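Structure provided below as structure tokens; questions to follow.
Going in written order, the chains are labelled A, B, C, D, E and F, and every chain counts its residues from 1.
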């Protein structure tokens, strides 16, 4: 047995075997950690929805103390994670030049960038809470089975998803690498809803049930839009560069104007526009613009027989 | 930095900012807890499927001791959670009048209601196990890849889903607020199957694979029904009241009679009836009744080209 | 209350009530454990992708020590789980005859089988890592939103899924009972992608987004194949034996040749063949062979009105 | 085996066997919990010594938030534990008559008593911190090996002991049953120093090393007293009542005036007085008063031989 | 750095360096585990003192279920630990000859011995509880500061000590290796009382405060004996064999007859007898027999001066 | 209630109240952590005594991998703790001048000092293990109740104590602040033995039972020395400087030459020398030199009466 194990360990520890699948920390900083991101999500939920998440015994006498402690911890954890994301990122490839610096100065530089972006994120929290409040109203109005806001906040997957997505989107706008994507994949795993952190989504947004929904990176969604489960806002195809590799960053996902409704399992593909107030029926495949106010559904062609 | 943090904490601790997103405990009782509900689910699985879940070393000599201890703990945890659900609930809005009581008497009243409903739920356990046994058989008969009942019980998502749904449905019938919904959302997150606790589902029920299935609040499903992944039993539209809000509680989801099969990604919408033994093909959109024994499929219209 | 609880415990502890839902350990060995399988998955991820998973501070100086320790623990945990799977399995029904043995000899025999299969699995690790490296490249090339391999390895659900599936498939080939299925259901719950461990999948495989994908037991997939979310590779129907039970093990799922692409929510059903380089459009239902190089899409028939 | 286990369980579950060793909760309240008391001790340490215990990243910007949250949690946990202590206590025996009450009113009454005493304890915290600051100075001045206050606070057993003892003594004065004793036994186990919560101890108190020190219930110790390891302040004998049982609550332990020093392993027994500034040498047995300013040591009588 | 670490690892992994300090499992069984022994102690406390330890919500309706489950788990954990102790033990040295066996048969043999001794230990539980009840009474009668039995059971160190010692002594009598010693060292660390599991101690035994007490392996203590803190029942010297090594197992510790009292820090050394009802004063060194009914104290010779 | 809590929080958060009891991190580094020190102790035990501590399934095939991983983790944790200790330390007071540096350079400087000292500590491990091996032999030879080395290593408090003390002493020699003291207080709490990390102790050292032993900072102990429980090696008095404060660092504890034995509860005080091979009897108070080879005991003067 000894020889076998020594043998296999040697193979797996050879550079040839691990080279593309191995990450060595840059600047002594580990990768962002899913466990810490889960703590960050919990802190955010407790701050945005006090009494529903976080310390459950909260009351108006002590609310300020709790928010103070949670904000401090959120900021502190965010700094470590953003620092980890920035250290992971291959700056050279992205024309962020650190040429003039030695390693320890780069470390300090990255630390300061992380502190700055965490601070900026914290400043968005009141606005983030205000928008999430509109999402709660949208979810409540959109579901006859909902009894009250508390039920929406406590257990609707769309609120879990949007709390994470809206945080991830702010971090995306602050050019934090890797972490926004890790955050939305946590939400994807929990809810079955896959929203890319780069997508832009207006207030009063909701998705009913949600499993299987995909919203691509360059999607733009207006206010008061409602989707159902299984809806795809995807790319139709993507351009390749001269080497046959996909070109990154081109707008390739749909635009949904205000007040649009899309029913379950519809696929809307390519950089097309669904006009204000339009309704897209279920199980259909849409690759051209839909005018404002239009309703578009599948021509039902069923074979029935006993 | 101090000024920044003090500033943001003040904003987030202002009543104006948190008002609709904040819950203060009523009667000193916290909200129902997802962690406790997960323990309750584990206890239920251990009681219903001894040896597969719970204490794995169980044997017939000591089975009774284990079930005794588990039942006691299940009942005790249920009392706390039902009490939490009842305390959360806005009785006044629901015409449950406590006018004659002071706060401490309301607390006692709620405690007694919780004890009573937990007790009633415990009484349903033998019946609940009997029905789940039929679901195990249905899952086994419906999947040629299944080797034996043990495999079904150990790892099939439909059994995880139904154990939770059938518990939630009993609690729904006992008019326990909030908790049934929290339970089915736990199952939804785990399996991708979203069954509303208000739905009525007969014995020998199964769903293959399951991801993306939605079964709405007022659905009624007979015996020996089988669904595949991505099936929706949904509402077609919902009525608004004079204020433009959806009217709650109206039957708006389909009725599936005994022995119906619905293939993957089919959507059946509105208060229609799928007759006994009918078969609904995949990827289709059904909004009218289907007679007993009928088979209904999509007219396949494909463009093919090289 | 005492009488109530005694009463219900008695009912639930009666053989009549629990008989089909109860598992008593064979040979004193408990069932395979989801908790241990999660540890095994974590160990595997740490070995295959050092620095991304497992000890995050790993560096090339100490890589070999870490892989040595992880391999030892992986092998040791695998032995216990394979032993558990083999003990669970009903050998008699499967014509694995232990007639000549007494119980304690059967225990030893099973232990040796478990050690042998765990050892064989460990030997596949270098190959497994090599194939997963091709899957990482496929995911990167297939998504314009991906920034680098690290992002793919850290958070893309398809890599989480394939790491588990490819391990489960090796164990399936080694005729380890129950565990391959438990492993892929763990992956199914995490990613919404349901790949049966019996399916055969070539290198450079990827699935975008993934939620709702189903790949059946006897599917055969070539190299460089790409699927999108909601795709089903399913059975059309399954044969029953004379007793009306499904016949197990018959090839009943599709064959996809090299370089095939299948868009979102398409269903490909039955033992049909999708030829090399063919493209299957979204939301369609395919039950016949598709020739090599063909593109097949839904004839779009939409009703549109304002 | 079944018969054996059933048999032994029956014996152990018979009233005859367990009667004196069994506690059934009164008023539905469990016993005070060592785990919760450990949390209470941690909270107290964090409040009294911020930065040394509790959240280690504390700074003057956010100190108030942390203390606010910790005070709230301390008060809340104390209420549950004091309620538990009061419920455990046999009021009838102690002439606390609840004759006019029914059970649910007794519960409320106990709850209010618990809230009142927890509130009163919280009010003592600033004073408690002030006295502990004098104990830190005394420990520092008494040990040439100590480098600074921080070292004393971080790791000297006497500070761990006194933080708990001084808390327990306040609760003793508030007539909280059982908990003061449980607290000092936690300290006893951690430090080997056994101070009864009923003992009265002045400020600037210290014990060097400490293991084996015993300070009895009715001891009275002045300011600026120093003890060494193994010192006993004990009872010489105790009076029996007519039934031969010890009479409780009689002063039977020594009085040490201000500025006394007692060296290691000395035993001071009975209600005697050690006068101000007296010094008691090591390894001696003192059962009579020692005048102020005196030094008392053992007459050394050693046999020496090669 | 790499070279340094490789270098030091090599040194520490050389046989020469680790040889006497290394233990390789015999028969594939790990060493007894302190963590498991702590669980065993918790189970024992819950069984002996129901309501005080273990499940705190226990009541007479469900007591039997709890004891049943706890007994089963206690027995099961004991089997693994006794097996570990027996496997660790060097049978060859102790003339337990397994010459006729091969390794796998030895394993089975050891397993059966472990099952047999665990079973025998379980049978002693009713007696063990009965004796511990006498110890509770002795502790209560011996301390005027004690309010009731509940306080004794909840927090007196002597009861924690004796629960463990009396268990360890039964296992010692059953010739279980290593574990009795590990158990009493756990108690020693918790209480500062060091009782060797080989010592024989009658019922109604108590020790006040306890820190520093030592009771040697061959001590024999009668009924109704009381010790105070710091008492040693030790060996005076021990015989060496021809090689200069101490001879094991010779009676070398004192015998205390019924109703003896020994005050704090007294040392009683050698195979002497303290007669029935004798009283040994504090801080003295006794190396000769003390007759029944005698009181022996130190001649007090103090130097006193101002 | 709100006013009460706000009030008390304000008092406790006022600078006046917390000033001497508060620690704000220097250079952004938290204090050394007891939890991390416990991990460090566990790693050390696993490295020194492989198979007894750490991964229990270790075998000679994989020993090197385990030691490699453990050394890496030990070194990494040590760096963080030594950095914390150095940051805590008030360098200014100790004439370690950082005047020429700004804060971020001081941080780097401290980090390098920490890395250097951790590296140096790691280099001592083979020697440390060799000395501990002699301590195991001494404990075994000194106790007729011991069965084999394994029992000594598994459960004798002296080995737990010395593993920690010998590590702490190396760190003390490397001028690491605070941590050596924290380490020995962890050992003190676990074993009741209080050895100052500054004491010098030769090989083949043992203490029987141990509770209550105190060994002061400037003690010097030769080879093959044995102590019993309750022994004090203390200072007789300590010199005060002109301000009345104790002068730190003066030799004030005894010197014990090779082969000395000290029996239980003896106190040896002041900078005296106990000559080679001398024996000090129990319960005595020694303040003058004892010549080599002498035996010194208490003149027994007992009052005996019936």
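Please note the rule applied: contacts are C-beta pairs under 8 Å (C-beta built on N, C-alpha and C of every residue); 3 or more make two chains touch, one makes a residue touch a chain.
From a predicted model like this one, the values you see are computed outputs, not experimental measurements.
Trainee: Counting shared numbers against all numbers at the contact of chain D and chain E, is it over half, same, or under half, different?
Mentor: At the contact between chain D and chain E, which are copies of one sequence, the residues are largely different (under half shared).
Trainee: What chain is the most remote from chain A, judged by the mean position of CA atoms in each chain?
Mentor: Looking at centroid distances, E is the chain farthest away.
Trainee: Counting in whole Å, what is the centre-to-centre distance of chain D and chain F, each centre being its mean C-alpha position?
Mentor: Chain centres of chain D and chain F, defined by C-alpha means, are spaced 27 Å apart.
Trainee: Centroid of chain C to centroid of chain F, CA atoms only: how many Å?
Mentor: Between these chains, centre-to-centre, one finds 53 Å.
Trainee: Going by the contact rule already set, what residues in chain C reach two or more other chains?
Mentor: 1, 5, 9, 57, 60, 62, 64-65, 67-68, 72, 192, 211-212, 230, 265, 283, 298, 301
Trainee: If every chain is a node and every touching pair an edge, decide which shape results: line, ring, star, complete or other.
Mentor: If you draw each chain as a dot and join those that touch, the picture is no line, ring, star or complete graph.
Trainee: Between which chains is there touch?
Mentor: All touching pairs, sorted by chain label, are A-B, A-C, A-D, A-F, B-C, B-D, B-E, C-E, C-F, D-E, D-F, E-F.
Trainee: Please output the residues of chain C touching chain B within their complex, sorted ascending.
Mentor: 1, 4-5, 8-13, 15, 17-18, 20-25, 30-33, 88, 90, 93, 177-178, 181-182, 185, 188-189, 192, 194, 196, 198, 211-212, 214, 216-217, 230, 232, 234-235, 238, 245-250, 252, 265, 267, 269, 283-286, 290-291, 293-299, 301
Trainee: Under the definition above, what is the set of chain A residues touching chain B in their complex?
Mentor: Spelled out, the residues of chain A in touch with chain B are 47-52, 56-60, 63-64, 67-68, 71-72, 75, 119, 122-123, 125-126, 129-130, 132-133, 136, 141-145, 147-151, 153-157, 190-192, 209, 211-212, 228-230, 264-265, 281-283, 298, 300-306.
Trainee: Please give the residue numbers of chain E that touch chain C in the complex, ascending.
Mentor: The contact residues of chain E facing chain C are 1-2, 5-6, 9, 60-62, 65, 104, 108.
Trainee: Spell out the part of chain E that touches chain B in their complex, as residue ranges.
Mentor: Touch list, chain E to chain B: 55, 57, 62, 64-69, 72, 76.
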